[in-house]
Every structure is written in C-alpha cells, then in structure tokens.
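A short write-up of the structure that comes next.
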Amino acid sequence: MALTVDNLTEWINAFAQKVTDKKDYLSELDTPIGDGDHGNNMARGVKAVQESLDAKAPADLTAAFKQIAMALISKVGGASGPLYGTAFLEMAKKSKDSTEIADLFAAADAGIKKRGGAQAGDKTMVDVWEPLAAKLASGSLTQAEIDEAVNSTEEMIAKKGRASYLGERSSGHLDPGAMSSGYLFTALIETEGIL
Amino acid sequence: MALTVDNLTEWINAFAQKVTDKKDYLSELDTPIGDGDHGNNMARGVKAVQESLDAKAPADLTAAFKQIAMALISKVGGASGPLYGTAFLEMAKKSKDSTEIADLFAAADAGIKKRGGAQAGDKTMVDVWEPLAAKLASGSLTQAEIDEAVNSTEEMIAKKGRASYLGERSSGHLDPGAMSSGYLFTALIETEGIL
Amino acid sequence: MTLGITIVSHVPDIAAGLPKLLTQVAADVPLTYAGGTDDGDIGTSMAKISQAFDDNAADEILAFYDLGSAKMNLEMAQEMSDKTIHLYDTALIEGAYTAASLLEAGVPLADVEEQLKPLKIK
Amino acid sequence: MTLGITIVSHVPDIAAGLPKLLTQVAADVPLTYAGGTDDGDIGTSMAKISQAFDDNAADEILAFYDLGSAKMNLEMAQEMSDKTIHLYDTALIEGAYTAASLLEAGVPLADVEEQLKPLKIK
C-alpha cells in the first residue's frame, strides 16, 4: 500500500478519464444545488494536470503531488480548486516522510477540512474523504463503501459551499464534489498495485 | 409671505447662481466626509432646473415646483437629488391648497425627513431645513439664523449619509448638504417680495 | 405571481456584473439592474431604476442596493411603480445571491425573507 | 506601515467596479483587485489574488471577498504572501466601503476592525 510516481500517474490518469467521461453528469449534479459548473471545473483541472505531467516528468512523488496540486489550483476556478489543490499539496508535504496511502490520505483529508472549514455531515466532499481515508487506514476499501459515502450526502442539508444557501432545500440531491471525490477513490482502488 | 411663479423663479435663479458660484467649495466640503461631488451634483441639478424652466414656462406654482423637482431628481445623481427633489415635490403637492411660505416649507421639511430617515442632529441638510422652516412659520428669517443652522452641523457626528461611515471622525466638518441648503434659504430671504 | 430581482448599484460595472453571478444559480429568475447616473457616472438614477422595474418580466420584485442614496432613488421608483416592490437593507451581493438561489429553488417569498434577515446590515 | 485594500470577486466586472466606488472616498488608499478565473470566467484565481497583493503599494492589506470559494483562494494567496493580509468575512461592498472611508480618514486598524464587526455576515 505504497505510492510511486508510476502508480500515482496511473491513478491520476484513471481519475482524469472518469471526470472527463462524467463531466456533464457532475455539472448536472451541481445545477439544482450550485452553479452547474463542477464537471467543467474538474475537467479543466484534470486536463491541466495531465498536461503538466506530460510536459515535465516529476522527479519524485513529492514533485508529482505538487504539480498535480498546482495544476488544480490554477485551473479549476471553483471551490473544488483550492480544496483538491490543498489535498494534493498536503500529500506532497506528507510524502517527504511517508509514501503510505493511509498517511497520505489522512493528511489530505485534514487539509481539505482546514481549507474549507467543513466537517462530516455538511454535505461536501469531506463526507467522502473522511470515511474513506479512515477505511484506507484500516487497510481496505471497496466500491460499495465508496458508493455509500457518496450517497450519504443525498439526504444531508448543506452547511458549506453554494448549496448551503438553499438550507433544507439542498436535501434530496447528491453533492457534486462528493461524487467527483468518489471517482478519485474508485480510480485508486482500480489502479493495480496501489492497494 | 406668499409665493408666485415669478418670485419662485427669481428665488430659484438666485439659488442656482449661488450653487454655481460655490460649486468647488461645496465639493470641497464633501471631500473629507464624503465623495467630493456635492458641488458638481448640485450645479448639474440647478442647471437642469433652469433649462427646464426656460424650455417650458410653468402654468402655475404647482407645475413650477414639479418641474424643479423632476430636474433635480433626474440630474443630481447623489443623495441630494432625491432629497431636494422630494422637498420640491412636497411643495408642489402642498401648493394646491396653500401658497404660504410657512406651509410649503413645513411640507418640504417633512418630505426630506421621510425620504432620508434623518432627524435633527444627524448632521444632514435636515439640520438646516427643520429649524429654518420653523423660523419661517414664526414669520421671520435672518442670515444670522441661516448661518447658525449651517454651522451647527460642524461639531455633529453624522448618523446618515456617507459621512456616517466615519463615525466620530465626521465631527469638525460642515455638512455639504447643510451648506447648499443654507444657500437656498439665503436666496429666499434675498428675493424681494417673498418674505 | 412571478418573483424577480432588481439590482441597484452606484457603479455601472457592479450593477451589470452581479447578475452574471446570479444567473449561474438562478437561470429562471427574471433579473434586471440599474447602475450609475443617467450620464453613466458613479451614482444612481431614479429613471434607470424605474426602467429596470419595468423591464423585469416578473410582476413582484425583490430589490437590492449598495449605499443609502441608492435606497432613496429606489423608494421613489417604488412609489411610482405599478409592481409590488420589496426593498431589502441587506448586503447587496450576498443578499441578492441568497434570494436568487432560493427563488430558483421555488422557495416562497416569506421563507426567502426569513433567510435574508441575518444579512440585513443597513 | 501603510494599509491597503484588495477586492476579490467571482465576477471581473464587480472586482473592477468596486474600486471606482472606493476611490471616490479614499483617493489615497492603495487599492487592487482580482476578479474571475485565470480565463476571465466567473470564479476566482489564486494567481490573480497573489498578483493583486503584490501590486498593492501597501505592505499590510485588508482583503474582502464575495463568496466562500473566493475565501479559500484568498487564504492560499495569504499563506504565500510576504505581506500581512487581513481577511474579513463582511459584506463585500459595504465592508470595503467602510474600511476605505475610515482608512482615508487615518483611523487606526483596530478601530477600522471594530467598525467592520457589525458587517460580518459570513
């Protein structure tokens, strides 16, 4: 359960593929409870990530995480930019003393919470990152668990982000950032040799 | 102490002349406690008033007041536009049953207060209109009384308008709208046959 | 009874820019705006505000403004309008954004007004 | 220690427009802004915010923003800046206007912050 530049790149490419394939769906999820751009934001972001990794092969894991973070921070444009960006920046920092998935995701999860101020139950990507980072720490992660985390946001009332303006009306809709985060975890478990 | 189209026109022209002459001074007063445009606003307004009266001789006092109000409302641009505009609109309404200066100014003063929500002591033009309308009701008005009303605003702390953002720092400056209102009253007592 | 929003700002760019933020979350809410004086300078214009009320496809309008003098022109335009105009002393951008989000979701006016209360700062 | 203001908005027009309101009452306060994404779309950009901090002639900056995601980019830019950046969760327009008026009048930062408190709505 350790990360290398190679399997990180494979994982991120798989994530990019899913985001690109599901671009319209992610933006659709963002329409009733947001501004309808999450798919476009993320697609722009992962494209920039791939271009960055293509343009300059990272020397090590830390450099790879940093390139990914910088591409997301500068290209996403919406709230998910600094949030995903912070997640990868924290992994970059952590990767200096550990390449363990569990350690890296714990750092990323903490970074997202610090950056956005959301906690579990606020109907954000934290509702995927927090439980799934914990699963990774306990040694396994399944697609069913990913689906459960993503789906748990449906009935929640948003406390952070644009959906929070809707109060109770935000209930009954999946959170788009939770969905895209779900793809990140699915891509992770689908990448051979990581878990 | 009754108004006619003729002496109203004479009064307003005298007011316009003073505002035009003192344009820079009024804007200067508006600089430390406002946005520095009161002279320009009022000069633009009185020019429009004169153009309106020149273009179409008002049929009666009510029509004259209305033309003055409309020119000020549409051309001043700042807070003083709706305030002076409302003063003259209220005089237009009142002029249907009275041409007495005291009645007209009482109506104008009430209109300004309703429009802006300011009361005496808030460091606005109300600190000139309220006491001087009362003087007119009691039958006389002197330049010394006008000066006193205008100068009373100097030490006040603004509660309304842009100056109110400065809190205590607004003290120590004359209110520009009080000053321009002072010109209106001076023009009134200087116009032969009104008082 | 359809509900719309009218934005009034001293600055033409702000008045024109805010609807761009609002349409993102409220594509179906009628939005109009009035910015600057008749001459396009910094200030407000009763005539422009009246026009923005008229041009709004809704017959009941929630109006938001930046500074106090805008409110005075808004009230004059309100008195002259045939439409029902609600004026809110909330933060301009944040109040309008909240109202737009909720109207788009079909939230009734009374509930929208409840959500606007904590944003009242004028 | 000079004090300046930086405006961050999701909308380029709002970011560019608000300083026009502020310079009227604060001609001497250094003002910079960052609006929209790197591509000029609705959103915010950490790089543009960093640039606005750098371009500001002041070495201590009061920063104001519209929506929450702007705050996240602001905080990232804040962490990267050598300047002292104060971030306020106030109404954007009204908070920035209040701060600009007071800074122009030479009011010390602590007193400015006191005046900003009632405008905190985020």
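Here the chain labels run A, B, C and D in written order, and each chain numbers its own residues starting at 1.
Just so it is clear, contacts are C-beta pairs under 8 Å (C-beta built on N, C-alpha and C of every residue); 3 or more make two chains touch, one makes a residue touch a chain.
Every value quoted in this text rests on a predicted model; they were computed, and no experiment measured them.
Averaging Cα coordinates per chain places chain C and chain D 24 Å apart. The geometric centre of chain A is 37 Å away from that of chain C, both derived from CA atoms.
Between the CA-based centres of chain A and chain B the separation comes to 62 Å, rounded to the whole angstrom. Across the assembly, chain A contributes residues 35, 37, 162 that each touch 2 or more other chains. Residues of chain D found to touch two or more other chains are 24, 42, 67, 97. If you sketch which chains touch which, the pattern fits none of the simple shapes: not an open path, not a single ring, not a star, and not all-to-all. Chain pairs that touch one another, listed by label: A-C, A-D, B-C, B-D, C-D. Only residues 37-39, 41-47, 67-69, 72-73, 75-76 of chain C touch chain B when the two sit together in their complex.
For chain A in complex with chain C, the residues that touch the partner chain are 32, 34-37, 162, 165-167, 169.
Listing the residues of chain C that touch chain A in their complex gives 24-25, 97-98, 101-102, 105, 107, 115. Put simply, chain A touches chain D in their complex at residues 35, 37, 41, 73-75, 77-79, 81-83, 85-86, 115-116, 160-162.
Taken in their complex, chain D has these residues touching chain C: 9-14, 16-18, 20-21, 24, 42, 66-67, 91-94, 97, 118-119, 121-122.
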